[in-house]
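So, here's a batch of structures to check.
Next, two complexes with chain A in common: one pairs it with chain B, the other with chain C.
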Partner chain A sequence: MIKSVIRKNAYYDSVTLMLISRELSKMPGVEEVLAGMATELNLELVENLKMVTPELDGLGPNDFFISAKFDETQTSIEALEKKFFELLNDKKSHSDGQYQPPTLSSALNHLPGANLAQISVPGKYAAAEVEDALDAGLHVMLFSDNVSIEDELRLKQKAVEKGLLMMGPDCGTAIINGVPLCFANAIRHGKIGVVGASGTGTQEVTTQLHKMGGGLSQVIGTGGRDLSEAIGGLMMIQGIEALIADPETEVIVLISKPPSPSVADKIYAIAKSSPKPVVIDFIGGNAEAIRAAGAYPCLSFEDAAAKAVALLKGEKVKDIDGINLPETELEAIIDKAVATLKPDQTDFLGLYTGGTLADEAMKYLGESFPIYSNIPLSPEMAIEHLEGVHGNICLDLGEDQFTQGRPHPMIDPQTRTEFFVSHVDEKTAVLLVDVVLGYGSHEDPAGAVADSVAEIRQRLGKVGKQIVVVASITGTELDPQDLASSTRKLEEQGILVMPSNAQAVRLADRIMQKVLKGV
Partner chain B sequence: MAVKDLFKQELKIINMGLESFYKDLRSQNVSAVQVDWKPKAGGNTKMASLLGKLKKNQ
Partner chain C sequence: MSNVLKVVTIASDLHSLLTKSSPLQTRLHSVFDHAINLELDDSRLITLLDKHRQIVPLGIQFASLENLRSVEKDSKVIIEADGITIAGLSYQLDTCSAEVWDPTLPLSRKPRSADSLQNAAEQLEAFMRSKGSNGLTDLLSHIGESQEEQGMVGANLYNEFIADTLFDFIELLAASNWKAAVLQSKKIIGFGPGLTPACDDFLAAIMSVLVACDIPYAPSFNSQIVSMAAGRTTSVSLNMLTHAVEGRLPRPYQQLLAWAVFETDLDLEAIAEAAYAVGSSSGADFSFGLFCGLRILSRMDETIMEGEFA
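== the complex of A and B ==
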């Protein structure tokens, strides 16, 4: 039975709807269900799922619908609708019941002195809202993606003209005046300022800083395209200048995927004239050019954090590129891990929720063995070129291809849970994962990984096999999901928990080297 | 307001979109207000842009 119910002019945000859809799909007798706004994308999804009904005709993006395929002896569309509103009320009841003004201008009246707009509406509507916010003199954190590069350029030019921040689009993280915005960790206050063009890379640097005893003045996000030729680094430059002018900031850290060469030159020139030391991790940026600018190049996000903390303390700056364990102890861990594997287990699998962390992993591991990915280091290593189903793979599960119609895996672990089932098999030797804590993230990402690994151990145990699982946690003890209990949950499943992504990657590499030698 | 002045002020945030971000802010006692947002002009972007132009000319 396929049926739909609709409600015209009832708007709910996409993440809420996707999370509720998933709850509804667990109801008895439900084969498939989609609760969503009638956007083009959702209507296309319904069509693909073959759940189109006449009720959906003529609906628009402000209209809400539920379409479901179900066994009518077990449930009904009315029961699904009832459950939807129960779940929605349940989510709303955690809200504080404050009045919610309908527009930006009414919100400005409601919150006198407002100085920042945090915007995460669907991308096609975002530019207009950002424009209004900038016109009202607000700084902007723009989480939405699917904003055109033309709009991004125009809005950033406007922001620069007005001396405002326009962090984004697709900006996942920032910490302004100690307040974590969107996806950010709880970090102690301090004297290191960060400008980041990549979300989880910035989260990794800031949590590492915290673990090393450092603290943050400000973290300014720019969005991933800021250092492209088209945008020219407008927001990173604005951010660096703000941190130079900020009396609290003593050391500046810049984080990005490799920028366009001309933009990189611009950034190096500013770094050269900076009266404050500048640490730069452009994941594979030109170390010589960075040194020539009097700045500090880095080997990893952990290394960037260590250098910033050393500079702040006036200590000698050195490269951090090892594993924090005595070699004999490390050897013992590696030998013990490899001993659990059978000779035909030779595949490496990295399943990441943080894109930049996956980048960092591939940059290092790619030196040791070929590694296929949906965000490959070079085009010939794109996942579609992998013949058959076996090989060394590292995936960024937060990419659009995996998140159509479902929340990002940092919000909802379900996507990765499914990959643990579909991609970990009798050939897998080493599984490498990230666990990202902090505001915005799922309430217990470590628990979800631990449950999946328990399932894997049980499944592979039936054929007399085990796998080696290596993880790192991007988080602090101040985050809402406790770091200590997260670590414990992973360790209880025999997961090797390393203090940083870089160290987890190096350990995975050492184990794989030994595995591959044995072939 | 220049960025360096923002750094000296208490952050007051207007959140538009995902309500979970608003809840995170309130859980930390940050001054914030959630906009009850929905696409302007029933999601008709052409109409919304015309409305925007009219508003600016007012």
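== the complex of A and C ==
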């Protein structure tokens, strides 16, 4: 069935149309969707695809059309049209659905009691907005990136002077007084406070401690550069002090990529003087220095969550570094997985939407085999140095190089979908992925991964091959996407779903060891 | 609500028009999140922008458009040098600290040599490849291949449809076969998704690089392209092409073109990133057109440039 919908003299911007066309194409039974302006040549393309309908007669270049080829037993043009305008209105509702103050001062007039501003404007304009917010006595969560380090330092110094938080720039997650900001999961309220300089790392810790029965008082983001020499950890220090002063918080967790040594020393000194226990996961930070400060070093994000929960419950604190399965059962899973592979399948591929989760994976796997990346552990392992087509690769698809002109892959899975097509081939043995649920994330990230894996299995099946896919889900049963159904969708495609990123990485490593060395 | 609108930047062509001819009677043509188009009687568009969009020819950029966004399509709008009346409400324009921006290329700079143009094309190609698939840049890998070799593996529907036609157009221009290229442009203008179809962004780049490099037949060629475009593309895109005939471009495109044709210390990456931020794939399509334009120039010799336009 082929049908068209038209709107005379209607204009939609191209970014909106691109996203909407993609969403419509995913509807059940839809084979092809063309949406655009009815120029002569665009209509010629419609004709070429044999999608012409009488509605398109007489349209001109300033008229808008959607033409769709679909299976009418599964959907209808009315459903497509409805979905189109729903998507359009969904986008517009952000600006038209309710009063949107045009300036910060009018926002404060509208909501006089507000004490926090969330700022997400292009980076070059962000500093001025933050300045205004701090001057108005507001804490700030700055989602924008591309803010200069000089501006970041100046604004954070100003925030410290005023006793305010300036979370960011490029701050992806926070939960303040129970309100999730930007990318954040639905976590029960509790007594553990987190200060995080890495977005998905913080999400992984918070979801893990929720699964272990813990709850959160506050989650304070700092932005990824906060623990650099230039910034000096101003916001992490501010955050720790806020949690120490917070009567509700009983245990403090600090998350970051490895800080600069001098900043680490400052953090350890504050941890040492903290009246509350402090758990520190600096992904490969100096465990001895952390212990010397009376704090608790961690092996993984999962381990950080477990230690925080143990401290809260007054239980013995121990390292969590295994896989939650009896060894015999684990070996059976590994043997079964490896048995599906052919001898020439020896490549590892990690495709991550969360950068810190990719970091955690590489830190562990990099000790077993060389791994190339766009965020390499050392310069010589940069993806540009990979000779030839094949090798062990782990990519952070949320990096700027992959998100220019398109949404972050946690919002729109299309970027990773394309990488599944272009990077998974007959040499790939193990594919490792993350699935991040929560507010701000795509409505069904697990479904998108499952669809891609189905395509991979079909494609490789034609040459008599299969691959092993290992995944973890960063999310809770309270998240809008539903953890249980997300897990089910992955498992239905034969994906090995592990309870944490750390365990998924360890399982991937065990399988690769068996592939490469037979052990 | 304030009745003063702070002007951040105003294009010099609009500034001149308002100084000489205001008040201008216009009709509200289209409203987007960060831009509003006003249509003059002669179909030219004046574009009101907020600070999230870069200035364009016949454009005026305000600190915010919030006060203006509630007006309905086809409303009468009167704009003059110091004020704007929209839906019966009058606003004063505060231009005291506004930048007046010239949308044409400053031709006083030293042009690149032929070798340097080739080098600029290579750098631009490397940048586009580093950005991955985006609009027409999918076709980068297929330039210079025979049609049998092309195969178009992985290309989207639009690119698959237009590739051969586009490559033929490039070949005709490289051979300075201007007349045939104009005819071929009929099969390109207005094609592609978006309000400025991808091929129009491509053509805008080709036309403006010809003007910037002072190619003798560029003025005639460009004006024929625009004549051809009337009725074949959207009014927004037709306006863009009309400006490009004389080398007037949106600021990010202007800067990228300046980098491409002049000896300069400017940083390609920052400039090209800004161009890529235009539209969904418009910036990438323009970059692809600029790259093709540079390659075409490097293949023209002076004899061939005389061409067969007579």
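Assume the second predicted complex is superposed on the first by the 423 of 519 C-alpha atoms of A that agree within 3 Å, B and C clash if a C-alpha of one lies under 4 Å from a C-alpha of the other, contacts with A are read in each partner's own complex, and residues count from 1 in each chain.
Just so we're on the same page, a contact is a pair of C-beta atoms (placed from the backbone, for glycine too) under 8 Å apart; a residue touches a chain by one contact, two chains touch by 3 or more.
Since this is a predicted model, take the numbers as computed values, not measurements.
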| item | value |
| --- | --- |
| More chain A residues in contact - chain B or chain C | B |
| Contacts of A:61 with chain B and chain C, given as first, second, both or neither | both |
| Chain B versus chain C as contact partner of A:41, first or second or both or neither | second |
| Which superposed partner A:13 touches (first chain B, second chain C, both, neither) | both |
| First, second, both or neither for A:121, with chain B first and chain C second | both |
| Touching partner for A:369 - first (chain B), second (chain C), both, neither | neither |
| Chain B versus chain C as contact partner of A:103, first or second or both or neither | both |
| Common interface positions of chain A, toward chain B and toward chain C | 9, 11, 13-15, 39, 60-62, 95, 100, 102-103, 121-122, 125 |
| Chain A to chain C touching residues, read off their complex | 9, 11-15, 17-18, 21, 32, 34-37, 39-42, 45, 48-49, 60-62, 95, 100, 102-103, 121-122, 125, 401-402, 404-405, 418, 421-422 |
| Contact set on chain B toward chain A in their complex | 1-4, 6-7, 9-28, 30-40, 42-45, 48-49, 52 |
| Partner chain A, residues of chain C touching it in the complex | 30, 32-33, 51-52, 64, 66-67, 69, 73, 130-134, 154, 157-158, 161-162, 187-197, 199, 231-236, 273, 276-277, 279-284 |
| Touching residues (chain side chain A, partner chain B) in the complex | 9, 11, 13-16, 39, 60-62, 91, 94-96, 98, 100-104, 107-108, 110-111, 113-122, 124-125, 128-129, 133, 137-139, 143-144, 163-165, 176-177, 179-182, 217-218, 238-239, 241-242, 245-246, 248, 411, 439-440, 480 |
